[in-house]
């Protein structure tokens, strides 16, 4: 099957590669002509402009947009919509805010165009592991493009099957899901990322407590010096908490147990924030997911203004001076 | 190798079974004579009393205590210590508070007895998966009992090896670790459980948001009805958040997507609380692990007194009446 | 000075009364003709319709809308805008979302109308204590209407003056502030309410711990039965934590120490949610304000779906049964 | 009445001064002879040694220990107990852990000595405002020493009386309370401080959101530059959130709106930690009080190890680089 891909970064490029390796064809476009040339050398049909891209696609066209969420994606989809014809499909595979998908799905439908939002997970590992895809949009279109999704998905592989799933949608076991109408794909992907933040923070706090189990503030008989790399590894095997995130942690610690190659300045993408917003809209108390998000906010600050307010109050009621700036734990 | 086991519940009994299946022998004791008889029928040597148990063990004796943490374990270990001789070993495989291990290790050492604290993970699945063990105590004793631990551990199996671990303690890859001196085993197990709470709550909140994505309080165009069982399953395959806990969740949802076979009244064991206490002693901000613990506290209450205080204040300043008791979301 | 008031509920009616008591005049309108008649009997000019209301106001007109935030307020302001003339002023004194104010301020300015958003605090006590007002909009209009705001504000009274405020805006000490352009008033009021949630929850948790200090789960020598009403009262006097909210709590507890006249089902208004949204937009970690909001969400549920997920996982890995449904603490 | 005071720091010294100003007498002792001399110059009887201190006190003696909680206080009370006689009273007015009081109360009772634990609030302002005191111990002793407590307490002053307190203990309105047996005084003081942390953090977060309302990450039409000093002041007057802590905040901001005279490195005393421990022992979810404590932990670190774990995971699954170390908000 033929797919058009706009945006040939790590994700877009590897998606094309995985498709071509499995017998599909691709028309590719990127602002960076070198990225186009590179994929063309691997067998894709390169396009110089968006118009050229459209012209080179078979009808009905399928254009997968894999760009940073926000203005660039929005502008590209608007431009595509002007060039495309009834029956063509636009896929947004990036990390778009699901309410934008709802809006776009409705707007494009008025023009006779189809729109799919595909939350795509897999990161740098996707090209070999396959991509877990969460898809929103019309059933007929999702079904039509099934060969693409099936190829990109990881497939069952050696992950054990879940009992009791007889009679359920078999695509799910392959690693992709038609989650619902426009927006549903990115909504599910958003929650995936929100959970990811929570899981990461849970491990991170646990290792932090282990790391600081030997500090001088503790009574000598209650201090421990743990081999954190070994602990991460042992938990991978027979404990209750193995996970892919723990695998990655064990790898990182095996490489450098101190992690002093990292500063601990942690970015957050939109999904964590949107997850909290969704929780609030639904009046669902999402304590852990929110705490995980806030930990990232905090990681990017030297001090908050809130902390200065605390210091000012303490000086006010107790004449308390601030302690010397000496971290009381290890980082 | 011979092991004595006191406490033949699900954990203790299965540990004995896994050992015997792999060529070890066992002397077993339990207050419930039927439990002793059952294991004796499977090949263990049954003991009628603690004295009988001691008498039937080869010297130096190894007695693994697998009882509920707290008074029963404490009393049993005290009784054992009186009956045992220099060089004998007591293992506490339960969920004991690590500071009790530190104390016991020192007290028993004065008597010439050895003490190991073994945090044992694996639950009902341990007999087939093997047990992840986190061991505290003297190196010589841990080394001497290696055949036991090696047999109980899951082994490498088909879990991929972590790169960069060359030259590190090979036992870790088998699923057991000598974590440090007395207390270290249960400390690491405590953190394991603390992380477990956090991971569970992260998934739980994510699914809660998905579950409530269709409530009437939301604008109609922003409502979704998700198939939560399918979403749990798809995330097992190629996403960033696969884990054993997700496997279990997917199974439970495949069986009954509404989970109305559960009330949501969630117990907490001591480890979650001790984890938070340890974090506080170390001045480590463990937001997520604490929030996960509190969510369990909250799950066991109809209403907190705190909430009534809020209602009273609201009545006081605004004349606000309490809303009708109608949950605004799905559970 | 003359003020038009639309919405004669507790807040709107009392604002009119406080103004009239201090020499101002009022034209009043409400869908409920009885509310209009009641205030007319106290000296206000009653209006039968919005058109009548507009006709009875001197030019340039000032219409204060005091209705529930959302659709009713929006529709009323739109209707007013059609009837009003260049130079007239619309005040939204309700709990409107500040981004709606930003939009409205811009839209109305195009029509030559002025718009003020006034966050109004004071609740049922405002008629005697006065209202703390946080005002957004054009300086000239705020200055022109100063006689209204000055009368509604509490004034300095016997609250001690803060040192170091010489040369600062003297209105602030009277209890009202021109906080900035359109939206600024409701933004500041939103943060006020967000803080209010946090303060309330802090007291509530403290009293909850005191209330449960005698539960049987604690060792007998560590149990206390506290007189919570007395503790609330003593903290009003010389401690670090006196506040108006504590005054209200002490009153409520003096009346009924068990608070069993409340169920603990706690509503949240939009401001707490918007505060968290604002924190997230700014990447400010607002742990306490968010936890306070979530405590309210939780208060309105019997059980969350998240809790059932936890139960399902626990059954999955450990065969744990749910404990009997017996709250472990007092509420 | 005569009181012996050990520890003549800011608190101990001022307590003596307030007593002497109101007709009581004092015997004073401190390791620092200059502190003794200073108070002797103001009318107190100075003691050179603990023995001298005991000798100069009338029987039955009353010795108030006002030292940093922990080892110094413990050692001093042990030394006092050896020198004192049946019927004498030891008061611990510091910030002692309440479980130590329970233990001491029992131990001293065996020797025929009385023990009172007095949680004392008031800080540097106590000498003029009076001290709010929360007292644990035997009723007869508390009653006998009432003249002391009555003088130290703030009295009713101009703080309005709470309705419905007729028939209740009148001491409470004076600002002191006999909270229960040994430990009860410090338990109540501990909760007071726990609440204090929560209140402080609630204000702090609110001001942090206001402070950052103009950052560039926000859409231009949604940015505000607030005068935070004025906002703190206006909330003191007629809003729902006035408090003594807000008074102090308003003062600090009037002096220096940027608070750049503070680094935001915030100490925590034991009470906040013990409050969380108490909540956990009681299974009371104290989200806000805990979050407030953790905010202080976090304020004293450059980066946590947890954050480095997050960075390592993100590098592992997504190849994400850490963002440049540029705080995204104002502090």
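Chains: A, B, C and D, in written order; residue numbering restarts at 1 for each.
Going forward, a contact is a pair of C-beta atoms (placed from the backbone, for glycine too) under 8 Å apart; a residue touches a chain by one contact, two chains touch by 3 or more.
In this text, all values refer to a predicted model and were calculated from it rather than measured experimentally.
Novice: More C-beta pairs touching across which pair, A-D or B-D?
Specialist: Of A-D and B-D, it is A-D that has more C-beta pairs in contact.
Novice: CA centre of chain A versus CA centre of chain D: separation in Å?
Specialist: The computed centroid separation for chain A versus chain D comes out at 46 Å.
Novice: When the centre of a chain is set as the mean of its C-alpha atoms, what distance in Å lies between chain B and chain D?
Specialist: Computed value for the inter-centroid distance: 38 Å.
Novice: Two or more other chains in contact with one residue: find those residues in chain C.
Specialist: Residue numbers touching two or more other chains: 123, 201, 203, 205, 208, 212, 240, 244-245, 251, 281, 283-287, 291, 294-295, 298, 300, 304, 306, 317, 328-329.
Novice: Once you draw an edge for every pair of touching chains, what topology comes out, line, ring, star, complete or other?
Specialist: Here the contact pattern is complete, since every chain touches every other one.
Novice: Which positions of chain B touch chain C when the two form their complex?
Specialist: By the definition above, chain B touches chain C via 10, 123-125, 200-201, 203-205, 207-208, 211-212, 244-245, 248-249, 251-253, 259-260, 262-267, 287, 295-296, 298-320, 322-325, 327-331.
Novice: Flag every residue of chain A that touches chain B in the complex, lowest number first.
Specialist: 99, 102, 106, 121-123, 126, 129-132, 134, 153-160, 162-165, 168-169, 172-177, 179-181, 183-184, 187-188, 191-199, 201-203, 205-206, 208-210, 212-213, 215, 217-218, 221-222, 224-227, 229-231, 233-247, 250-251, 254-255, 275, 278-279, 281-289, 291-292, 294-295, 328-329
Novice: Across the complex, what residues on chain A touch chain C?
Specialist: 240, 268, 273, 276-277, 280-281, 283-287, 290-291, 293-295, 297-298, 300, 304, 306, 317
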